Amino acid sequence: MDQLLKAQDVVSYIGPYTILHGVSLEVGHGEAVAILGRNGAGKTTFLKTVMGLVKTRSGILELDGKSVTGMEPHLIQRMGIGYVPEDYGIFDLLTVEENFRIAMWKEDKETLERRDYVLDLFPDLKLAYKRFARNLSGGQRQMLSIGRALVNDNKILLVDEPSKGLAPVIIESLAQALIEIRSHTTVLLVEQNFALACAVGQRFYIINEGRTVESGLMEDLVKDKELQALHLGI
Amino acid sequence: MGTFVTLIINGLAQGALIFLMASGLSIILGMMGVVNFSHGTLFLWGGYSYVWSYYAIRFSVVMRLFPDAVPLTRFGSILTIRGVQLPPDAALPFVVELGIFLAALAFAVVLVFALGYVFEKLFISRVYGNIPAQILITLGIQVVFTDLVRVIWGPNPFPIERPPFLNGVTAFGGARIVHYNVFLIIVGAVIAVVIHRVLTRSKVGMVIRAGLQNPDHVRAIGINIRGYFSLVFACGAALAGLGGALYMPLVGNVVSTAGMSNQILAFIVVVVGGLGSFMGSALGSVFLGLMGVAIAMLIPGLSVVANVLVMALVLIFKPDGLFGLAVKKHG
Amino acid sequence: MDKLKAIGTINIRKTAALAALLALFLIIPHYMRNAQLIMFSRVFILAVYGMSYDILRGYTGFINLGQAIFFGSGVYLGVIFLNMQNNLGSFVLALGAVILFSAAGGFLLSRIVLRTGGVVAAAMVTLAIGEIVRNIAERWRSVTGGQDGLPLRFSRVALDPLFSTRVGGYYFSLAFMLVMLLILRAFILSPTGRVLMSIRENEQRARFLGYQTNRYKTIALIVSSIAAGLSGVFFAVIARFANTDYLSIQYTLNALLITLVGGTGTLYGAIIGSFFVTWIQTFLLDLNRSFPGFTLFRYPMLFVGSFYILLVMFMPSGIMGGIYRLADWYRSWKTKRVT
Amino acid sequence: MADTILRTKDLSVSFGALRAVNQVTLDIEARKFTTILGPNGAGKTTLFNLISGLYTPNEGRIFFRDTDVTGLTPMQRVQAGMGRSFQLTNVFPKLTVHENIRLAAQSYCKVGYNIFRDHRKFQKVNEKTEEIMERVLLQHRRKSPAAELTHGEQRKLELGMVLALEPQVLLLDEPTAGMAIEEVPTMIDIMRTTYAMGTTIVLIEHKMDLVKQLSDRLVILVNGAVLADGDPAEVSRNPEVLAAYLGGGAVHGSAS
C-alpha cells in the first residue's frame, strides 16, 4: 500500500491503434521518478493514460491503492494528480490569474497559500498575473502550467517534457524549481533532456516500443554508458 | 432623415433577434464543435409555446375578471390557442398585462431550456467528436420536432397580437418608431451585455473560454466539461427559444416554417462573423439585420437572395469570416 | 491455384445470381398493379438519387445539405419541358438542360463551399443555399406554380409507347438505374474515383502526393449533381407533378436516409436504401389513408425522421454495413473452425 | 561539382512567443546525403514543414533549383520534385498497400483526371507500382490494408509512396522512429539504394550511430538555429555539439 502510483502491464489504445503494450512502474510517496525513452516510445501516452485521456485496454492503474482505470479524466485529477501536459495546456483566452482560478478545487486559505508559494517560486508569473496567457513566452507558459498543477492539494505531479523547445537558461531555472518542488511533492517526470532528468529524478524507468524495458537508480544509469546508448540514442 | 431613423431601428431590432439565435449557436459551435442544425426547431418551440401560454394565461385571467368576455376563434390541433374579446370599455391593468407577458416568456424559455437539455443528454452527447453524425442527427431532430409542432398546434399559419402595452407607434420627427422594435433592441442589448459579463467574469465563462481552446485540457485540470456542455447547450437553446418567443409578436403571425428560415439567418451570421466568435456573431447579427431592412426597402426583389449572396461573397474572399476566429486552433 | 478456382466459381455464381435477379425484374412488372409499378419505378429512380449522394458522402466525406436543389430542379425541368411538347425529343432536351444546369450549379457550389474547407461550414452553407433556392422557387409562381406545384399537364404522357404506360415507365426507370449504375461505377473505378477515395481517407496526404484535391472534389460535386438532376427528370415522369417539396431539406434527408440504410461507399447499397425508404413512405401514406382521423399519420416525416435519428445513433454504418459486418464475422468464424 | 538543389535563406518562424526556427540558412547539395540532427524540440520537423510548405515562414526564403518556392503550396512543391515523408506515419489506413503505392504512382504518371477508364488498365502505373513495392520490400503485403501493417512496415510504405513520386530531393523525417531494432537495417538499405540511384536525401534523425554511417554531411540544429555543420565525424566530436545534444548545456553541475 505504500506505493502512491502503481501501473502494471498497462495496455492502452487510440482508435484501432494500440500504443502502450505493457507499461509497469511504481512511484512511492515522496519519490521523484523519471521516465526516459526515445521519441515515440510511448512516454507521453503513458501520462495521458494515467489521466484517462487515452483509454486503457488492460492492466492495473492505481493511485494510492485505488484503481483509476476507466474513470473520467476530471475525476482522476480530483483524486489528487497535478498534470502538466506536453503542450502546457494553458488557456490563451484566460489571464494568468484565471488560469490559476479555473484549476482550483476550492478557493480556501490553503489553496491561496499554495498559489502564493507558486508565485514566489516563479516571479515571472507574479509580474504577468493580470495579463492574458496568450502573451506569455514559452518558458512562462511552462511555469504557469507547472504552477497551476501545484495549487491543489495534490498527491503527485506528472510533468511531461518540461524542457521541450525551451532555451538552456530557462531549462536551468526550471530544473531548480523542480528540485525545490520534489522536496515536498511526489514527482513523475517524462523527459528527453538527459541532464534535466538526472538532476530531478532519483529513480528511472525506460520505455521503448510502448513497454517498460529498464529501471533502476538514476546514479547507475549515469554510469552505464552502454545502456544510455542502447535506449536513449546518445 | 425620418426614414433613415426608422430603418436603423427596424434593422437593429431584426439584428437583435438574429443575435439571440446566432450567439447560442456560435458558442455551442466554438466550445463543443457541434453545429446545431436543430437550433431553428428550438426557436420554433419557443415561439409556439410562448404564443400558446400567452393566450392560455390571458384567456383564464380575462374570463375570471370579466365573466361576460367573449371567447374568440380557435387555432390549433391537439393544443388550441384561444383568444378572448374583452367587453367594451374594459381593459386589463398594465401590471396584469405585463405579468401575463413575462409569465408566457418565462414559460417558453424554461420549456426550450429543458428541451435543449434533453437533446444534449439524449442525442448529442453520444456523438461528440463525430462531426458527420452530429450534423445528421441534429438535422433529423430539426425535421421531427418541426413536424411535432405542426401535430400539436396545427400546420396552418394564424395571426396573433402583440401585448397591448408594446403595441404602439410613436411619430418622432419624420420617423415612425415601433415600440416593439425598441423593446427588442433593449432586450438584445441587455442579453449581449449579460452574455459578455458571464463570459468574462464568471467561472462558467472561464470554462467556456478554456473549452473553446481545448476541451481535453479542461478535463485534465479536474473540470467535468461534459456537465458544462449540457448547461451551455441548454442555455443556447433557451436563447433561441427567447428569440422565437419575441419573433412571433413582431411578425404578427405564427408559421411553422419560421424555424428553418431563422436558423438559416443565424447560420449566415455565424459563417459571416467567423465560426466560434461571440463578438463576430454579435456584429454579424447587427450587420445582417441592417442590411436586410435596407435591401427590403431599396431592392425588394433581391431580399431573398441578398443574405446568401453576402455569405457567398464572404466565403469566397474571406473564408475565415469577417471578424475572424476568437482562437485559432492549432493542428 | 485453389484460390483462383474459388474466385472463378464465386464470379460465376455472382453473375448467375445477378442475371436471375435481372430476369426477375424484367418479368414481374407484368404481374403488378399500377400502384406497385409506380412504387418500383420510384425505387429505381431514387436509387440513382441515393447513388449521387453516395458519390459525395461515401467517396469524399463531404456532406451536401443542398442535394435536393439538383433533384428538385430536375423534376421541375422535366415537367416544364414536357409541358411544352409532350414527346421524347423534349424529354431528351430536358435531360440536356438538367445536365447543363447541374454542372454549372455543382461548379458554383464547389467554388463557394470548398473555400471553407471544413465539413461543418460546408454543411451550413449548403443548407442555407438549398433553403434559399426553395424559397425563390416558392415565390416564382409564374414558372413553378408556387406552393400549389406544377402538374404534368397531359394526364397520359404521349411519349414513346414505352413511356405512356406505367409498365413502360417501370422499364424506363429500370434501364435508367442500370445505365447510371454502370456509369457511376466506372467513375469510381477510374483514377479520379481512386483519388477521391484517398481524399476521404487522408486529404493532406493526397495533397502531398501532388493531387490538387479541390479540383477532384469539384469533379465529384459536379458528377454527383448531374446524377441527382437526371434522376429528378425521370422522377418527373413517374410522379407527373413537381412542387417545392422536391427542393426542400426533406428530400435531401431522403437521400441521406438512403445512404444511411444502404451504407456509404457502396453504390449498390443505394438500391436497398431506396427500396426501404420508398416502402416505408408508401406504407405511411397508406396508413394515413386507412386512418384519416389519426393526426400523426398525416406527417410521414415524423416517422421517417425518427427512424433516421435512430439509425444515425445505433447503426452508423447503415443496415448494409451491419450485414457486411455479420458476413465478415461469419467468414472468420468459418475459417477458424476449419483450421 | 557542388550544385545546390535546395537552399533556405534566413528562414524563421514563430509560434506565439516561441521562435521555433531561427534564421536558418542552408545549402543542400544535389546527390548528397545530408542529415539534420538535434535534440527534441530543436525545430527539425518545423524546418521540414517550412521547406515542404505546410507552414509559411515569418521571414526568409526557400529556393528549389534556383526558383523561389516560398509562396507555393505543398502540392506545387511536390509537383516540382520535392518529396517528403512524415514523422508520424501518414498513409491511407483503410486502403491496401498496393492501392496506397498505386495512388502515388498514378500521381507520378499524371493520369488522375481520367474519369471513365478503369484504373487497373494503366500499364505504366502498374509497372511503377510493382517496381516500388519491390524496392521497399512489401510485395508480400500487397493486399493488406495499411492499418494492419506493423509500424515498421507502415514506415516503409510511407517511404515507398514518396519514392513513387520520383522526387529530386527527398526529405525524410525520422524514418526509423519507433521501428523495431531488427527492422532498422532494411530501412537503411532502402535509403542507401535510393541515394545510390541519384536522389538527394535530407534526413532528420535522432540516433547518432545511424547517422554517421550514412551521411556525407551533418547539420546540428539546436533551439531552432544551426549550431554546427560539416563532415559527420568532425561535427560529432565537436564538444559544443555533445553538450547541446546531451541537454542543451543546461543543468550541468546539478547533474549527479
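Lettered A, B, C and D in written order, each chain numbered from 1.
Methods note: contacts are C-beta pairs under 8 Å (C-beta built on N, C-alpha and C of every residue); 3 or more make two chains touch, one makes a residue touch a chain.
Here the structure is a predicted model, which is why all the values come from computation and not from measurement.
Chemist: What is the touch distance from chain A to chain D, in steps?
Modeler: 1
Chemist: Which chain's C-alpha centroid is most distant from that of chain B?
Modeler: D
Chemist: Round to the nearest whole Å and give the separation of the Cα centres of chain A and chain C.
Modeler: 53
Chemist: So what's the Cα centroid distance for chain B and chain C, whole Å?
Modeler: For chain B versus chain C, the centre distance works out to 35 Å.
Chemist: Please work out the Cα centroid separation of chain C and chain D, and write it as a whole number of Å.
Modeler: Each chain reduced to its C-alpha mean, chain C and chain D end up 44 Å apart.
Chemist: On chain B, where are the residues touching two or more other chains?
Modeler: none
Chemist: Which residues belonging to chain C are in contact with no fewer than two other chains?
Modeler: none
Chemist: What are the residues of chain D that contact at least two other chains?
Modeler: 93
Chemist: Please categorise the chain-chain contact pattern as a line, ring, star, complete graph or other.
Modeler: Basically the chains close up into a ring.
Chemist: All pairs of touching chains?
Modeler: A-B, A-D, B-C, C-D
Chemist: In the complex of these two chains, what residues of chain D are touching chain C?
Modeler: 52, 73-75, 78-79, 84, 90-95, 99, 102-104, 106-108, 111-120, 122, 125, 161, 165
Chemist: What residues on chain C touch chain D, complex-wise?
Modeler: On the chain C side, the touching residues are 183, 186-187, 189-195, 197-198, 201-202, 204-213, 215-216, 219, 223.
Chemist: Using the touch rule from the top, collect the residues of chain A that touch chain B in their complex.
Modeler: 51, 53, 72-75, 77-78, 83, 85, 89, 91-94, 98, 101-103, 105, 148-149, 152
Chemist: For a test of understanding, state which residues of chain B touch chain C in their complex under the given definition.
Modeler: Chain B residues touching chain C: 29, 33, 35, 37, 77-78, 123, 126-127, 130-133, 135-137, 139-144, 147-148, 150-151, 260-261, 264, 267-268, 270-271, 275, 304-305, 307-308, 311-312, 315-316, 319.
Chemist: Tell me, which parts of chain A touch chain D in their complex?
Modeler: Counting only chain A, the residues touching chain D are 16-17, 38-41, 134-138, 140-141, 161, 163-169, 171-172, 175-176, 179, 192-196, 198-199, 209, 219, 222, 229, 233-234.
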